[in-house]
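Just below sit the structures, each encoded as structure tokens.
Both complexes shown next keep chain A, but they swap its partner, so chain B is in the first and chain C is in the second.
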Partner chain A sequence: MSNVYIDQFPAEAKVIRAAFYSSFLALALGGVFGIIQTLHRTDFLRFMDSVDYYTVLTAHGVFLVISFTIFFLVGIFTWAVTTSLDRGLEDIRFTWGWYSLMAIGITMTGVAILAGFTDAIDMSASVLFTFYAPLQAHPLFYLGLVLFVVGTWVAGVDWFRSWWAWKAENPDERIPLPTFMVLTTMLMWYIATLGVAAAILLFLLPWSLGLIETVNPLLTRTLFWFFGHPVVYFWLMPAYMMWYVMLPKFSGGKLFSDPLARVVFVLFLILSVPTGIHHQYLDPGIAEGFKFIAMTNTMFLLLPSLLTAFTVVASMEHGARQRGGEGYFGWLKALPWRDPVFTGMALAGLMFAAAGFSGMINAGMNINYLVHNTFWVVGHFHLTVGTAVALTFMAVTYWFLPQVTGKALWSRSVALGQVVVWFVGMTFMSNAMHRAGLLGVPRRTAEPQYEGFEFQAAVGSIGELDAQIALGGVLLTISLGMFFANVVGTALNGRSDDLPANEYAGALSGPDDAPLVLDNLKLWTAIAVVLVIFAYTFPLLSIIDRGGLFGPEVIPFPLTVESATTLGFALETAASTSFESAGEIATSALTAVMR
Partner chain B sequence: MRISKAALLVVIALTVPILVELRTVLAWVNVELTVLESAVLGMTMILAILIWALWPQNGRGDPSRSG
Partner chain C sequence: MNVHTYEKIWLVAAMVLIVAFIATITYGSVGLGIAMVGDQQPTIEPTELGDDERFGEPRVEQVGENEYEAYVVAQTFSYQPDPIEVPEDSQVTFYVTARDVIHSFSIAGTNVNTMAIPGEIAEMTVEFDEAGEYGIVCNEYCGPDHHNMEGKLHVVSADEFDLTDLSADGPDEVAVGDSVDVDVVVENRQLEDLETTVTLEIGDETVSEEVTVPGGDAVETTLSVDSSALGEGDHDWTVTVDDHDSSGSVTVLEELDDDADGGEDDE
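And now, the complex of A and B:
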């Protein structure tokens, strides 16, 4: 028997394969919509009506950041738990159960979105992946999302069950690092998804079903971002896991520090959620003080990312020196650049560093006003989720796919070309997006050119920026084509007996060096919950207080003179009460400080 | 060759971000490059890297085999 994953865990390999293929299907769909909207926006090729732009953009967003990323990560989490605990899952039917929930859910959501392209069915969900009210989707869209998320919850239970069973047999051992990462990520995810579950189940779904008339848009938005920030860590933490437990292996060495990796994941668990309001710096109706708290938490959240950068580079250097690398920078030459898994992850990490810089600008409350809702933001997150995560996932596919299919990779050279083309394409696209954003070019706009107004470019011109974006988009699409050629080619290969063993990197400083308290998941979860309560109770209460649980009184429509006066009166009272309550908060804060 | 073919590929890829950002940086010191000029500059950079990488090292035979 060989040491390939499919031979060790044949049943689990099947589930992982299913998850991967679902994820790749979503990536392919998302990619097609990506290039369509790129060429449309930049006015190089407009074959659809601009009215359909939001449907395309919704499909792009939802398929890529919900289905592609999450299907892939449940695959590698299953691999991580089974491999590091060295035991199969407790009940494979249970596992297929959560996979099916996720698959059915996302199909429902996908159908609701794609139905928006045809008038034949009275259904649409062109609400973008943020589904802000008053944009309203068909109930199927929300129901599907709920099923999908419940599927991930059950998946978490599956992995916890494995760990509990393992712990009963190994009471005195430290949690193996990959499992530790999976468990902390899932705990974070449980807390985070409460927000979106509340937004959908209490408000948006009943509203879309016609059970309630109105919602409070600020409330549902805030609940969305309660989930919307931590979801980025749900994508990122699996990528980090790959950088920690796989990248050192491919560099030819060991992870620099296991305890530091644990610290990083604990920090993510406790700091990911109480930061969501940093997406709402420009939302009226949330007091500046609350935004300031969110900003402070966000800045703390930079710490685990900087720790990661340090550990990952240190591990790579260690690997390179093991392979004979020498000198201050000479060791870089000794890294295995020929290996697409390594090179892809290294380039993804490099782009993530750039994303960190634009992220700090987004995070600063005052400077955010400059870039909010501009194309800058789109440039930023194509570096984070669109590259740090997506490119890492594509790169590790070249190692995982042979593991779970038992077939050799179709072409390593095409794979290497693919990751490099992605890097170059994303450089062009995201650089121009950032720069366009600085000129005020808006995001989420089918035709960002206006009559009687010209964006003033400091360097070059808008036309050049558009060309650069389109060039980048085309390169990215070519890169995706190369990726799928490899996936299909590999699937068509025969079984190979010559595959590397299934293993992950050891650590220079192992788990025994980590303080025991790091493994106390209950403690960290409790702290995370307390921080969330601190960060969110008052903002939520004041939002409900001002705007009502289900929105303000319904304003009669169309407006008449009479209703306009009522509206004016309502606005006036709303304004004065908000001043009053702001004053109250200030007074009570002052007295609190003075005491 | 001084570096492996794969490393050379990566080094060439890295010229792209340097090039696009350089254009912005140069604009601050009032050097405004057109797209064509930038492309020519990029080609020159890549050519220089190729010459550096392919030039035999200190006249030794074929160092690419030495690792």
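And now, the complex of A and C:
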């Protein structure tokens, strides 16, 4: 028997394939909506009513950050657990069970969203992926999300079952690193999703069904962000896992330190949730003190990312030196830059470093006022989830797809071109989005061109920024096309007997160097829960005390199409003068002093 | 645990960096006494804003020598008042709430930015040093016409600025020989008394009156013109106070229908 994944675990490979293809379908749909909205916003091509823009945006957000990312990660988590424990899942029917729950759930949600395009069906859910009440979606939208999340919960149970069974047979062994990463991520996810589950099950779903009259908009919004921040780590931790256990292998070396990798994942488990209020710095009704606590936690959450940066670079250097690289920076040349898997991940990591910078700006309680809800934020998260995560996922697909299909990759050079084009496209799009945000250009807006005023650019013009955004968007779309060509081409290939073995990177400093306490998942979960209780009990009680559990009387806004009148003021005026980004921060901050 | 020396250095450097961030921001906000949007304000019933003392009539009011308060309502898909006018060299505290869904109140290109959440009131104080015009955008998606939700903020020079409100009301018809009485209300929302002239122009006739409106108060007066001087027919009139005006028109008839006062239905 060969040591390719599909031969080791044929049944699991099939589930992973299903998860990957679901994920890619979502990526394809999301990408199409992405380019439509890019060209609409920037006024290069408007073929739909601006009202429909918000349906497109909801679909883009939900399909990409819910279905694309999560379907992909359940695939690689299944791979990680089975490979590192070297055992199949306990009951493959159970596995298909959670896959089906997720698939049915997201289909329901997707139908509710897409129905918004036609008047023929009395259904819509153009509420964006944050679904803030009193905006109201069709019940199917909420119900689908619930099923999808429950599916991921059951998936976690599946992986825990594998681990428990393995532990019974190997009582004295350390948890293998990939499994450790899966389990800590899932524990974080269980805590995080309690927020959105409460928001939907206690309030939004009954409200959309007419069972309760009103909801408290600030309460459901806060519960959303209870989940909304840690969900970014749910996307990011699988990407980190790839950087820890795969990137060193592709660099030609080993992971620098297994114990530190465990520390990083434990820190994520502990610190991811009690930070969500940093998305609400501008919300009235939440005391400054609570915002401050969230900010402090957020800053400490930088630590695991900074540690990861160190380990990743150190592991790459080790790999390069194994390959004969020399010198202070000379070793960089010895890295396998022709390998799309390596290059894609390395470029993703590089962009993540840039994202770290704009993230720190976002996290600062005072400077956040300048950028909150502007296009800056969109620029930021296209670097994080849109590149650090998405590009890593696409790059490792070039290794995983052959593993789970048993077929050779269709074209390595197209793959290499794909990751580079993504990097270039995102550089254009994201940089211009950041700059536009500093001028005050809002996010989530079909026509950010106003009648009464113009955005003042100090360097270049709004027209130039729009052109860069559109150019970036087109490059990204081309890159996606290349990706799908490879996915389809590979699927159409015949079986190959010439595939690399299924394995992940070993560590220079192995698990035996890690203190045993690191593997005490109960302890870390308990600490995480306590921190969440500290960070959230008082804010939630205070919100309920102020506004009531079900809030004031609010009128639901089912977003019907006919309620909209679109004023097409297509004349977009280009502003003339402007400064460099840094100067822009400084001057705009001075324009108005907040007391 | 076996930690490499470089790793230890990096770890320490990372912690120092983080603590430095927190310290900078703490100083930059708490230390300098900059208040963030918080829970300073009580909650409010979004469906009863009309009866509220502050939000029933969204407006700017003077509360101190250079201090003003602005009560702003965000609703799908506009702001009240619009435009918002404040003087230069002033300190303005904005109170912002939402009538329906969540909006934002964001002065484009500045850090004046807050969510407007139904049921909650955001409070923030801003200093305006120079005259200028700003755009206000809603940067929180609020429905199908979100992209058309905008407002304006005018910071005007001190001599251009006032908080005077004028309303005038006159009869629709009068008989020749009767006087045309226009009732005028002048409101002054500034603290200082307003000494000014109310002028009524109608046809070739002009009458005016000096009034003193106490700060934070209003005065009512009536200006009259004899209709014989105007002659039969339709006459437009305008009342002016400083830069404000209000107009209407009156028809002078040979003789009034007896039951005209009862509301003749000829429109």
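Here is the rule we go by: the second predicted complex is superposed on the first by the 552 of 595 C-alpha atoms of A that agree within 3 Å, B and C clash if a C-alpha of one lies under 4 Å from a C-alpha of the other, contacts with A are read in each partner's own complex, and residues count from 1 in each chain.
What we mean here is this: a residue touches a chain if its C-beta (ideal position, glycine included) is under 8 Å from a C-beta of that chain, and two chains touch if they have at least 3 such contacts.
Being a predicted model, the structure only gives us computed values, none of them experimental.
Superposition of the two complexes onto chain A shows chain B and chain C fitting side by side, with no clash.
Of the two partner chains placed by superposition, A:Thr525 touches none, neither chain B nor chain C. Of the two partner chains placed by the overlay, neither chain B nor chain C lies in contact with A:Ser411. By the touch criterion defined above, A:Pro284 lies against chain C but remains apart from chain B after alignment on the C-alpha atoms of chain A. Of the two partners, chain B and chain C, it is C that touches more residues of chain A. With both structures placed on the common chain, the touch criterion links A:Ser496 to neither chain B nor chain C. In the superposed model, A:Phe256 lies in contact with chain C only, and not with chain B.
In the superposition on chain A, A:Trp337 makes contact with chain B only, not with chain C.
The gap separating chain B from chain C in the superposed three-chain model is 17 Å, by closest C-alpha atoms.
Interface of chain C with chain A (complex): residues 1-4, 6-7, 10-11, 14-15, 17-18, 21-22, 25-26, 28-30, 33-39, 41-47, 76, 91, 96, 100-102, 104, 106-128, 133-135, 137-148, 150-152.
Taken in their complex, chain A has these residues touching chain B: 324, 333, 335, 337-338, 343, 347, 354, 416, 420, 423-424, 427-428, 431, 435, 458-460, 464, 467-468. Within the complex, the chain B residues that touch chain A are 3-7, 9-10, 13, 16-17, 20-21, 23-24, 27, 32, 35, 67. Within the complex formed with chain C, the residues of chain A that make contact are 50-51, 53-54, 126, 128, 132, 134-135, 216-218, 221, 256-257, 259-260, 280-288, 291-292, 295-296, 299-300, 302-303, 306-307, 310, 314, 360, 364-367, 369-370, 372-374, 438-448, 450-456, 509, 513-515, 542, 546-547, 551-555, 557, 559, 561, 563-567, 588-589, 591-595.
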